[in-house]
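My questions all concern the structure below.
Labels run A, B, C, D and E following the written order; every chain starts at residue 1.
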């Protein structure tokens, strides 16, 4: 479904991604793990068009989306939930969701998807008229995900959805990720909480200083000594 | 009676401040840039209106529309050339560029047509005086107030109820996240400048018909006053600009009415500073404490 | 432990933002040398509570005693000088300053040379600056940050920035250190390293530590006592074991199957 | 670059060549540009005529500097003209304030400055002390103000007056003072004195205040840019008493701004009238119109023209070896020189003694009303 | 070692300064250049004083003040009153001008304790205008038409004040007090939490900055024969602001260089009055577009010559610590 080949990305003269290649198949949950500053967020941003690669190709469903503008990529069916939630704080929950469907014209479909989002996140329905900035961290994360779903993506990019969330919320969020996936959305998930990420993922890639150093199916990696040492802590 | 007359004077003056302030506040609200060139766009608008009335023999409303369109294009041009490359630079760099653009427009205008003033024809609008219990209200004053209020309502509607308005607000809060919604950030910002600048254009033409005299540096003081008005009302807030403008106009009139015309601007700035000290976000601004 | 006088005593403290009671009627006692956790759902008021302790916000009600003195209404810099120092949930370094200068800023209150002697470059300016430089460098070595001494803080990798923030907070010479989610954005391995670091500094500097964290492995692993906030109110308080099994905490925060 | 910039004009006094450098430091742009441009046009015409014959075999060369209607720039201009261009004399700025800014430079460097139109007495005599190197071609304000006061009491039978002053201008303040003195001496009373500042655009509030005092007459000694707006706004507010001003009103821009209707029942004191049948005046008007495509010379053009001749005469009398000092002497000694705006005899305060003209606006045209001798 | 290095640099710069002074003085007294040029050189010096003083407030302490012309005006008028009305010598005028401006600086420092960013900017701009309007209305000093002031400013005065300004502000900046100011600029809340009395340092920065602006104003007044309130409008504040930003916010040598360059540009352009301001504004815009962080960024000129301590262990590629 998504194919990334030999991607090189720079911030000024900082070489953040050094020849990254990966692949995601329809219906999968794929996770990227790696230390702080490894380049995970950079990769997601490049896929969603926020950053332009210096070199390399990104192919989505057979079509090249390399260096396309972010809004065209959204249209193609990729939604990105950025690190740190980034909800529009001075707008209501409802307006945030409407913005998610910014490019869509099918009023009926939008309405249906709205209902679908409310089903997934009943909390949001309760808070429809509340300013997004006043939501708790977990609620904001739900909103960010709901908003991304409003674009009706076939591929959802999630950047550290558990960051700063209480354990209870982390669980809820991960449950929802699985639900979303079951309803037919492919997911690329970036997580620091590697244990948890691997527990719901089909496959995983390990990123270190801008390179993919390891990949494989989730169970394999969970039991890999190297990964345990580096990312999963002592336990 | 005199006091009512003075209020009427103040409201007319204030409506013009408000009209300029609306554009100021709009641009600031979305891109957080103090667009010092806004007053000069107002000046350009005034000249476009003047030329379309004297050379193209247009009447008031067509001239107004023409000037609004011209200013919209001009505003977009300025944004694309001078501000867009600096979108990721520091705020102060953008501010200095805005000052540069302001100087360029003023002096470019002087370069091309000279510094001499021009006077709007006296008969563009019928000057009817309405006498109410000794208070003279010119029909023009009513028109100005009407146009300002109407434009404010339209603007408020556009920003809060339309799709492009939502896009603007989204961009203002987080441009990158807005991109992820499929919003074309560049176009949205251009639209903001187009709308803001067209308001300045409208203000320019109205100013010309009300005060007659126009010249290349005419935008400096009203631009500054309008900015003050926008800050008074809470910068970025559309009704705030309106209220701030009217308030400033009325304050100035009352100070002059009390015989303090030489202190008029001084009092305006003192009010500004006092309001900022006691309501740091302006009258309508929400007091946002920085969340730590 | 209950025998000594508490280092920090928080008495019915609360703050309101408009209609919202972000923190309400909180009582807390911290004794010298303790390592205490503060947990609770997002938006419970934990960070706000830190802001109250450090004077960033002035409590609308209640009293805060530090070493027996009521510090409510004191400005933050005075509170810091009295011995409470903190890190921030979102890292707040002096980005354009070098790593060593970040630490020197925290030493500022120890400076013996006045503005005038700096301007006139009197001998005591040089000796004062030299002393600060030496102290700061010593500190950086302790945190393994000396290799970065002249780099701008913003150019450090994220993990090192967190470290630097802790180092900077310690340079202000606190008796009570407040850490706000120090492990946020760290993977389990890094979190484990952080736990060691916290234990180490507590020993070394003879500190009392209050720690906000969502990572239960960290909180349960190092804290001796834990307070739980929800909707601005304390809902529980006890040892890690007690908290883990506290029904209210499970309901509001931990969720059913606690690992 | 700094040092090379000055090497070029090192030939001091420039009497080495057969060109005599004369500076012009004028309001060519900015708030009162109309004055400076008129003076320049007048002087330029005179220079052309003078250079046809030459002065003692030499020609005059004009170095012009635009002071943008500000005192700061006027000072800079004098500094540059004197030190860098090394001119022999300067035709100073149009307004009193801008000329005053150059007074100390003129005295210190001993380079004469002649203002064509700076009417404030302070220009030549500052704080009771004569400025040796400063001269003027026009009458002074105490005279102008008195003429206006007498006219308003006698011809307009005004008993009460309001004065509306441009507080940024020494000229306006001086005129107001002398008007008030004479008006009160004539038995009238000044009901209110109000003030504005240059660049103001909204005068309605103050005019409303003046209106409520119900004066018979309003004296507005300002410059055309603001006066145009004041007259217009006063009429719009329903103030229909006679309005009067001084030479500062004389600009075609006044009519454009205020419009012909608003200008009915307004009067000014001025230096001359292009409608005056005097032959000297008419031949000047003709020459001017020929040079400038039919444009009518206003009073400032006439004074600019006269200033150039005044200066040329002094240069001629200064002899072969012209220096700034000699020109100064010759200027001070000028007697009975017949020029367009009158006969020049320079008094001990460096002022010529001249008559004033009163003009009335009718359908936008200036109409000659009377001439008043000192 | 640091001390040694610093003192060495110190003596070097003193030597350089002395040389500069003497050369210019010789050129002036041997009449190689005329007074117009001398005046421009002095203007340049005054602008340097103004730029450096604003640099302390904006560049170092991060207080976005755009009312600097207000301090300039206070200094100019106060000193002119002392010399012209009270018959005091220039030195007294300079000191009085500086002190009066410093008091004004305290006053404006106070609202700055509550306001931030653009709001502070507009408040300071308003303050500058209030100062101007106040002078407009004081007849004792000539009201709007201003005050004649004798030309007393000479190159040694300008140079001395300039050197003093640079030394004081440099010494202040390169000390724990300067670092405290920078920490306020970088993050006020964190500075507070590190025990920095942010209020105090903001006021100190305003105080020192406005003192020197006042001294600059005093020199200004005695260099231009006439002072009028209209000279001190917000456009003058912008001019000074432009020096500071164009040079590179936070770089003192940048501010100095920008002041010199822009005065030169402005002088050279007087030959082309019609296009002067057009070119000036274009230069401004183009510089900002191509160097948005100013000519020098935050660096100082000296750092271009001296090799900073060797750059080993730069963090750019250094994620090595995380993964074994």
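As a working rule, contacts are C-beta pairs under 8 Å (C-beta built on N, C-alpha and C of every residue); 3 or more make two chains touch, one makes a residue touch a chain.
This one's a predicted model, so the numbers in the text were calculated from it and none came from an experiment.
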item: Shortest contact path, chain A to chain D, counted in steps; value: 2
item: Reference chain B; chain at largest CA-centroid distance; value: C
item: Chain pair showing more contacts of the two, A-B and B-E; value: B-E
item: Interchain centroid distance [CA atoms averaged], chain B/chain C, Å; value: 47
item: Separation of mean Cα positions, chain C and chain A [Å, integer]; value: 32
item: Intercentroid distance (Cα basis), chain E paired with chain C, Å; value: 39
item: Inter-chain centre distance, chain C versus chain D - centres from mean C-alpha coordinates, in Å; value: 74
item: Set of chain C residues in contact with two or more other chains; value: 56, 88-89, 92, 157, 159, 189-190
item: Of all residues in chain E, the ones touching two or more other chains; value: 136, 189, 316, 319, 322
item: Set of chain D residues in contact with two or more other chains; value: 167, 197
item: Complex interface listing, chain D residues touching chain E; value: 1-3, 5-6, 66, 70-72, 75-76, 79-80, 82-84, 97, 100-105, 108, 126, 167-170, 173, 197-198
item: Sites on chain A touched by chain C in the complex; value: 33, 35-37, 135-139, 160, 163-171, 192-195, 229-235
item: Sites on chain C touched by chain E in the complex; value: 54-56, 75-77, 80-81, 85-86, 88, 92-97, 101, 104-109, 111, 113, 115, 118-121, 125-126, 128-130, 132-133, 147-148, 150-151, 155-157, 159-160, 168-169, 172, 189-190
item: Chain A partner contacts - residues on chain B that touch it in the complex; value: 163, 166-167, 169-170, 173-174, 176-184
item: Chain B to chain E touching residues, read off their complex; value: 28, 32, 34, 82, 85-86, 89-93, 95-97, 99-101, 103-104, 106-108, 110-111, 220, 224, 227-228, 231, 235, 262-263, 265-266, 269-270, 272-273, 276-277, 280-281, 290, 292
